[in-house]
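Which chain is which? They are A, B and C, in the order written, and residues in each are numbered from 1.
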Amino acid sequence: MSLLEVDGLTVGLERSPHSLLREVGFTVEPGEVMGLVGESGSGKTMASLAIMGLLPSGIEQRGGTVRLEGRDLMDSGTGEIHRTANQMTMIFQDPRSALNPTMRIGRQIARVIETNQNASREKARAAALAALSHVGIPGAKRVFRAYPHQLSGGMCQRVMIAMALACKPRILIADEPTTALDVTIQAQIFDLINDLVQETGCGVLFITHDLGAIAEMCDRVTVLYGGQVMETGSLRGVFTQPLHPYTQFLFDAVEREVDPRVEEKGANFALAGCRFGHRCPYVFEACGQFPPLRTVIEGHRSACFLPEEGRIGAP
Amino acid sequence: MSVLGPTSPDGGAQERVEGFIAPEIPGKAYQLPLWRRKPLLIIGLVILGIYVLLAVAGPFFVDDPRVTDPANFYQGPSSDNWFGTDKFGRDVFARAVHAARLDVTIGIVIALSSMVIGSAIGVVSGYFGGWVDEVMMRLTDVVMAFPGFVLALVLVAAIGNSVPNVVIAVSVAYIPYFIRLTRAQVLAERELEYVDGAKLAGNSPLRVAFRHVLPNSMGPSFVQAALVAGWAILTVAGLAFLGVGIRPPTAEWGVMVAEGAPDIITGQWWTALFPGGMIVLAAMAFQFIGDDMGAETL
Amino acid sequence: MWRYLGRRLLISMATVIGIVIIVFFIVRVLPGDAAIVRAGPYANEQKVAEIRQQYGLSDPIPVQFRDYISEVFTGNLGVSIRTNGDVTDELLQRLPASLELAFYAVVLAAIIGIPMGIIAAARRDSWVDRMARVFAVLGSSMALFWLGLLLIYFLFFKLRWFPGPIDRLAIGTEPPDSITGFFTIDAALHGDFGLMVEAFRYLALPVITLGFVLAAPILKMVRASMIDALESEHVRTARAIGVPYWQILFRDGFRNALLPVTTAIGIVFGYMLGGNVIVEFLFAWPGVGRYAYTAIQVNDLEALQGFVIVVGILYVGLNVVIDLVYAWIDPRIRLGKKVAA
């Protein structure tokens, strides 16, 4: 039994026949960092919001299950996901706008502790201060009384991590946590997340478009394109032996030093079959059907009908 | 060597593999029909249509609004006098219908003239910037520091009571809204590439501003104009109610309400409440239209 | 924060000067002979000439402007043709009546508009939201005088729940000794609760009339800024970390929506200063609006000009107060960009 098990997650715009996420599935194990990688617009953030039960209005979940430690989080009556912050919590891309601008930092962390651990106001205060020091913020007392606009982006992300930490979650979802920050801050934030995993043994779903960050942080990887899982497997497996034409294309783009986002034509969400169908060099009749994920090598699955031998450059 | 070989993974590849093109699920995002998405717009247009019909054709079917009938004063609403009669025995319905022509026309004229003038100033101010812009903005600040109604009030009081003067005064009060709105649009619009294109094609700055930038910046102004038309009707009637601008015995809704107001406390409600209701319904129609077209309303 | 406030204060002062200049232009420079307007329709040549002399209207415009400016900025708004009284005094004497009416109207509008806006935003597209929208459109297309007449007809003439449109108190009732100028508060301060109730009964109809119309823009603004706040990233964070719904609604939603709402209330106040001419006339309320109405009827341009300047200054002054409130409730302005770490 995995810690987090997402299966067949399908999400779409209301009153539209097309799906923004189609049968997305992957697992996260305890103490593991699972990377979710894809171009912008591939549905990474949408998937995380759907798992959290935080889909914006106008977007509906059409199917799929989200299981935490074997328990289905979906309420079968309302079709909504019910989760508490100590089951699963999330940090976001832009930490400065993710914090309440009219509330002191200390209060924002303290209330997390109050609501999630039933602590008294006094206790929560002390714990919040400790949490701030814990994430390596110098002068925690001063930051405690500050407002978000008085802090740098890196500091705000540390505060966000401190807040997430205070929830004591089983799963932490980190949505591009360093994209909005300076490169020099990135390593520090990564270390902080790694430490968190070491200490608490929680699982992390790490979302990014940056393959370098994936290589640095993750144990396993899921590749997403056009709201469809293309490939999932161990970091080593996917990076050394990419099975799906899209994954190969992604690495090729890095090799040729072009940003995949520059070349992208944009995913076509109307495609009936494989979402990579309109860009794939190997497309053939079978691709008009939706390709299920199938295990190719132990622990390494790919959603492609092509036999591996048929591909150029295949191992 | 590249993993994918010499081909690039774009459209060209499709022809290579037996011309296969991945099939798509047909159909666009389903939209609700217009009357479900924008019910207020439809209701507003229908009401406005009735008013326009009333304004255009109505006066041919009702009596002269000035005809008095002293024997027949203060008659309640009946099949003969739908809206009753006033203290001079004049038919309130006939007067209200004649007033529709005047009031609806005034409302639309004010909205259009303040839109045209405001947009023209706004495009110059926004497109050319500099000291012209600075002066215009400070000026609109000052004008907008007056409640619009008070500004119109004192303007009419100073330049005299007449229909054209009311139109001028109320237009002046609404012009700053359009200056602001157009200017904001132009500021965003002038950064777009087609503007550079138009410049490079050798158009004069004025031509670029008025022929290229302005037409593309007018969208919000049209929506605002619908709201202003409604407010203008309210403002004109409000002025007339205070005895400013349009005066008795002209058949105008505000004048009629003012003349009928004292009757309320003696029980003849119809002389004031019917024409007043006509005003509110007309303003509401414009408000429905503007609101559902997504105007910035306040 | 002080730089921000200083800047706002400077702009306000510039606006006041602008108002004073514009009023001069409207009253003296625009086509239309100010002397003839002042003299009224039945005056003969000689009377017009007299008035021209009396008000210095034959002086060149720059001279008139200099005299006017020096008068206005020493607080002298001239002498009323109608009463021969000092316009400044007469306006100040009537101001408390207007302010009391305005105050309760805005309070009523806020009581209607704010909760309705919050519920409409929290339950988007529900029936409450639809009702709120219809209410808002009704409010913004309502004619004050029509609503006022409607209320007078039903609540006074038919039902006799409230007194008729006479004054602030019944004829013959002594007003309380002035402390604040608000009859309701003064009566309460003197311990005369019967009088206070009476003052409230006379306030009721004009306050409902104004309050209903003013509630519409407040409602719209609260709803729009609440929706913005509730869809913001920090509310998403609050939901992610498990903050309870009510706390999200008020602490994360409304507290942050409060900033645009204060601005809306300022604009509403400005709107009301114009609307009060109609409502005060309709309800025979002895405030500055009714003063302006009377001035218009007899072409008392001095009095009207004084009214407009006072209204303009009130509005600008109110905006300064709102800037202060804004600076106080928004830590980004209160603390500036002072970096903590």
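Quick note on the criterion: a residue touches a chain if its C-beta (ideal position, glycine included) is under 8 Å from a C-beta of that chain, and two chains touch if they have at least 3 such contacts.
Source: prediction; values computed, not measured.
Enquirer: Identify the chains adjacent to both chain A and chain C in the sense defined at the top.
Expert: B
Enquirer: Comparing centres built from CA atoms, which chain ends up most distant from chain C?
Expert: Looking at centroid distances, A is the chain farthest away.
Enquirer: What chain pair has the highest count of contacting C-beta pairs?
Expert: B-C
Enquirer: Just how far, in Å, is the C-alpha centre of chain C from the one of chain A?
Expert: About 52 Å, centre to centre.
Enquirer: Could you put a whole-Å number on the gap between the CA centroids of chain B and chain C?
Expert: Averaging C-alpha atoms per chain gives centres 24 Å apart.
Enquirer: So the centre of each chain is just the mean of its C-alpha atoms; given that, what is the distance between chain A and chain B in Å?
Expert: A distance of 48 Å separates the two centres.
Enquirer: For chain A, which residues count as touching chain C in their complex?
Expert: Residues 52, 54, 56-57, 84-86, 89-90, 92, 94, 97-103, 111-112, 115-116, 137-139, 142-143, 145-147, 149-152, 155, 160, 163-164, 166-167 of chain A touch chain C in their complex.
Enquirer: Per the contact definition, I'd like the list of chain B residues that touch chain A in the complex.
Expert: So the residues of chain B touching chain A come out as 1-5, 7-11, 13-14, 16-18, 20-32.
Enquirer: For a test of understanding, state which residues of chain A touch chain B in their complex under the given definition.
Expert: Where chain A meets chain B, its residues are 13, 15-18, 242, 245, 248-249, 251-252, 255-256, 263, 265, 268, 270-274, 277-285, 287-288, 312-313.
Enquirer: Taking the touch rule as given, give the residues of chain C at its contact with chain B in the complex, in rising order.
Expert: Per the stated touch rule, the residues are 11, 14-15, 18-19, 22-23, 26-27, 30-32, 34, 37, 133, 136-138, 140-146, 149-150, 152-153, 156-157, 164-165, 217, 220-221, 264, 267, 270-275, 277-278, 281-282, 292-293, 296-297, 299, 301, 304-305, 307-308, 311-312, 315-316.
Enquirer: If we count contacts the way the header does, which residues on chain B are in touch with chain C in the complex?
Expert: These residues of chain B touch chain C: 40, 138-139, 141-143, 145-150, 153-155, 157-160, 230, 234, 237-238, 241-244, 254, 257, 261, 264-265, 267, 269, 272-273, 276-277, 279-280, 283-284, 286-288, 291, 297-298.
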